[in-house]
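Here chain A shows up in two complexes: once beside chain B, once beside chain C.
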Partner chain A sequence: MDQLLQHLLNGLLLGATYSLLGIGLTLVFGLMNVVNFAHGEFYTLGAYAAFAVLTLASVNFFLAIPLAIAAGALVGAVCERGLLRPLRAQSIDTVMLVMIGLWIAMQNAELLGWGGVAKSVPTPFTTEPLVLGAVSVAPLRIFVFTVSGLLILGAHLLLARTKLGRAMRATFQDRETAALMGVSIERIHTITFAFGAGLAAGAGALLGPVFLLYPSMGDLASLKAFSVVILGGLGNFGGAALGGLVLGIAEELGAGYVSSGYRDAVGFLMIVAVLLLRPSGLFARAERVG
Partner chain B sequence: MKQATRALFTVFVTLATAVTLAAPAPAQETVKVGVIQPLSGPVAASGNYVRMGAEIGRDWINARGGVLGRKVELLIEDNKSDPKEAATAAEKLIVRDKVPVIVGAWGSSMTLAAMPKLEEYGVPMVVETSSAATITKRGNPWVFRISPPSEMEALGLEKYLRDLGIKQADFLAVNTDWGRGAVGAFGDVLKRSGAQVGTAEFMEQAATDMNAQITKVKAGGGDTLFLTTSVEQITLVLKQAQEQRLTRKIITTGGSSSPSQLIKQAGAAAEGTYHILFFLPWFPEAMPDGRLAKAFVDEWAKRGHPFEGLTEGFRGHDGVLTAVEAIRIAGKPDPKAVREALWQVSVMGVNGPIKFEKDGPAGKESGQSKPSIFIVQVKDGKIALPEFAAKR
Partner chain C sequence: MRPAALAGTLLVAVTAPAWVWNPYHLHTLIMAGIFAVLALSLNLLLGYTGQLSLGHAAFFGIGAYAAALLSVKLEWSPWLGLLASVALPALAGYVIGRLALKLRGAYFVLLTISFAGCVSLVSVNWMDLTNGPLGIPGVPPVEIALPGLPPLALRSKSAYYYLVLAAVVLAYLVCLALIRSRIGRALIALRENETLAASVGIDATHYLVLAAVLSAAMAGFAGGLYAHYTRFVSPEVFLFTYTVTMVIMVVAGGKGTLAGPVVGAVLFTALPEALRELTSYQWQMLLYGVLLIAVLFFMPEGIVPALRAAWLPRGRRARPS
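Our next item is the complex of A and B:
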């Protein structure tokens, strides 16, 4: 029983990180119809940006996270203006190839800039775990869990309740009509992509201190993000959040009670099952955005 | 469409230029040695340290006048921590660069993937890190290993088992040939000595969250955890084990744990852990050739390489030393002659004497050297020889 509780807690904490990875991708993928292969690289960028301001500029840890998000959003905006805008009229395949190129270029730039040796990010949190009865958890993980939840909620509110969010949704549903209504289409494209990139960078800044930083860290993050988006349904925010939790808990229980060697396989088997039985995602409603 | 065609054309021209520019300059008077290491990907840190050590080996040999009157040149390829890439790198070094001998390829799965290429083209490889037993048991006569297989490591630990007081041991290992091989090898030695073997858990090479495995190990109730993986994952496991209050004696195997890096990155979580190593840069005088070991540590520092890389870096030095000595004995940089010569190599490396004995099926034996094996412990944030090991 103690073991099950600890597994569920582990799964929940891990799942929240997957949700956070998934929402940025689902936004860009679901709204803009851009398969962002470089999503994981924005995650890596956020982690290294936080590391840089923490160790080189000795900025406060809590300030490093918004700075990393800003760095991610800025680079995202530049990529949108430089790469995606000229390709607006091209097919999704062309854009996909360009994104793969961006992924490779960014990863190698990180390798060149930071070297291959893993780095660890210092945090103000104690490494002594909090003991809650039979289970224990690190204070840093609770902080990450809370901030992830707030970021997901904030992103959802921005999209659903604000004028900017309405303009975003309108643009990707029908760009001509949105333009006629006075929405600045080009600006919305840039903002949406920068928003997605910023969320990925935020995930990196939060998870970097939990794990380790190395240039290829984004590959695993991308893989999990795509899994979450498929589970939750394209462009479905709540779906991505729940999908992340479901994936985290499934992996954890699979590793705990089936076989740890097949941990990732458990997650992917679940995705195959979802694709076969509910191809539009586990939590898809009749209608979805995008 | 027109745009796409133009883009493709640009890609083609770029690639063509890159290939032309990268083509080797004609007939330099150097002796080439191929090196395959993971310079990027999840285990890149280790691969880069081995590369740095190999470069020291090369520079020292060249300072002594090189080999066969020529300078030694290293052709270093990145296997990206990926077995498929290791095979590609081996083929590239053999077919395009025509190296007479290769040093590589760090991970057992990477080495195993490169091995069929050695046999196909007939080029020998000095294996500097890989631990899986199968490497020298498969009947590939082009393989010469200077690192200990897990079996040899486990036997090296056997004499300390009573001092360590292991009653029941669990395993957590990377899900590769190396990890799975180590679980078998250490399990056998433990069983023979009367200890119980509990659960064996595995993790993917790039995995970062090992909480599920740790929870499972914790429920098992052993007193010792054997940990076999790269330093990056060891760091994460130690931190996550601390979060879950896993109170076990932790022993890392394979020699790639870089305890100094663990102290830096895992902090208090590394306290008390034991590490099986093949080089003691903290106590170079305790090595078989103390002067050589000291010189290597000094040279490493002079080049500004991080101290924590030394436990991995010496492998590169010893690998290049072995390969070049074989070329010297062969008298020509010819793969077949170098393979014959490898059987006669007898040199002193940073780890100790290197000399190959036959291993594997009769008639197709691989070479296996008998390296020195050590154990250290993290005590008060420093590396120490455990009392029982210091006495002997």
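Our next item is the complex of A and C:
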């Protein structure tokens, strides 16, 4: 029983960062109709950006995270202007291949820049776990969970309460009508992609200190993000938030009770199962797919 | 391809071992051949049904493991192993094709990625069967047994080159026959407009499953050839790099053409080898990524259609591949 509680807690803590990853991906898909296979690379970028400012510029740990988010958003904006805008008229499949190209290019640029040796990020948190009754948890994980939650809340408020958010939702619903109402679609696209990239970078900066940094870390992150998005339904914000928690908990249970070697298979199997049984996501009403 | 060009290409290919003295260059040619079979196989899906599989390394890997395990553990003849390296991936392709049923575009991509991810994890974790990350050494060479003569093991590079060349020609002919047939027309119709194709009675699921089975079988065959050539198989055969390389070969060479994947395979096996002295592996992969983007921006149809458009007189251009 205690063990189950511990697994559930770990899953919840991990799941919040998965939600963060998934939200960025799902927004970009829903709004721009872009399947962003480079999403995980913005996660890697965020992790290395945080590492760089921490170790090279010896910036405060808590400042490194917003800096990493800013770096991700900036590179995201540049990629949108340089690669996605000229391809607006192209088919979704062509754009998908371009994003695969970006993925490979970014990952190997990281590899060239940082080398293949894994790096660990220093944190001001003690590694002494906090014991709460039957379960224990590292303070760093609580911090990561809290910040992830705040970022998700922030993203939600931005979408639901601000003028920009309204313009984004309008574009999501009907691009042409939104444009007729005076929404600058070009600007919304750049902001959305930068926003999604920034969230991924934030997840990277947060999870980087929990795990290790290595240039291909984005592959798994992309996979988790896609699992989350498929669980929640492509383009579904709330679905992605919930889907992240579901995936986190399912992984912890899978690793705890089945085999830790197959931890990452949980995501794969969930993708397959959801695609086959409920392709529009666990939390969506019926909708055409593909 | 026009007969003169085809004959010329074949002549160059058949005489290659006579004038390629450097064994390393011959090795590059053999790898180019294996990749040509892979690219042709991916092209069946990507080029003719329009569905991108990012799990093709899984079929390649299953084929390689099937050939290696059967010949090492059960001591089957390599020829039977090669047969199994076609049959097992074909079965996997059937399952994927059936599962994919209504999934298109990004959903199909994700399904294939997930499948490849699962298979790769199995190859690492199922120690008893696959020997885990250590891999399976000592895969025997392919032997040719002619009546009255001692069995001839294809140990030399030039002998193996001809086996691979034969495989490429076979794969090319299979694709050619398929595309020229009713099946090929059905696949192209589905790629162009699925709803319209369905309205004239083309059963999408049936043809997509067929394409997936054939494509997987060819990729698996390439895997079997690879296993008997390198004589060693490890979970590295499932590396995503293999899939990426195939995608680049097909897209850059010209998806939906028969010559495109072969040209892409030769080019993108030779190019990295030529650049090897100048650059590292990372630069090479970085270049692949940039090149993929550049091709999609400036030559979205690929090299072969672009050359064809430049060479052929205007009237003959609009020939469907």
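We adopt the following convention: the second predicted complex is superposed on the first by the 278 of 290 C-alpha atoms of A that agree within 3 Å, B and C clash if a C-alpha of one lies under 4 Å from a C-alpha of the other, contacts with A are read in each partner's own complex, and residues count from 1 in each chain.
Criterion: a contact is a pair of C-beta atoms (placed from the backbone, for glycine too) under 8 Å apart; a residue touches a chain by one contact, two chains touch by 3 or more.
Keep in mind that what you see is a predicted model, and the values were worked out from it rather than measured.
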{"item": "Fit or clash - chain C, chain B, common chain A", "value": "clash"}
{"item": "Which of chain B and chain C A:Val137 touches, first, second, both or neither", "value": "first"}
{"item": "Touched partner set for A:Met106, first chain B, second chain C, both or neither", "value": "second"}
{"item": "Which of chain B and chain C A:Ile230 touches, first, second, both or neither", "value": "second"}
{"item": "First, second, both or neither for A:Pro66, with chain B first and chain C second", "value": "neither"}
{"item": "Partner chain in contact with A:Pro124 - chain B first, chain C second, else both or neither", "value": "neither"}
{"item": "Contacts of A:Gly261 with chain B and chain C, given as first, second, both or neither", "value": "both"}
{"item": "Touching partner for A:Gly154 - first (chain B), second (chain C), both, neither", "value": "neither"}
{"item": "Touched partner set for A:Leu269, first chain B, second chain C, both or neither", "value": "second"}
{"item": "Steric overlap of chain C with chain B in the superposed model, located at which of 41-49, 95-103 or 131-139", "value": "131-139"}
{"item": "On chain A, positions contacted by chain B and by chain C", "value": "90, 94, 111, 219, 259, 261, 264"}
{"item": "In the complex with chain A, residue positions of chain B that touch it", "value": "3-4, 39-42, 44-45, 47-48, 81, 175, 201-204, 206-209, 211-213, 215-216, 218-219, 231-232, 235-236, 239, 242-245, 264-265, 267-269, 306"}
{"item": "Residues of chain A touching chain B in the complex", "value": "2-3, 6-7, 10-11, 13-14, 90, 94, 111, 115-118, 120, 127, 129, 131, 136-138, 141, 211-212, 214-217, 219-220, 251-256, 259-261, 263-264"}
{"item": "In the complex, chain C residues that touch chain A", "value": "50, 52, 54, 99, 102-111, 113-115, 117-118, 121, 124-125, 240, 244, 247, 251, 280, 282-283, 285-286, 288-293, 296-297, 300"}
{"item": "Of chain A, residues touching chain C in the complex", "value": "29, 35, 83, 86-87, 90, 92-94, 96-98, 100-109, 111-112, 219, 223, 226, 230, 234, 259, 261-262, 264-265, 267-269, 271-272, 275-276, 279, 289-290"}
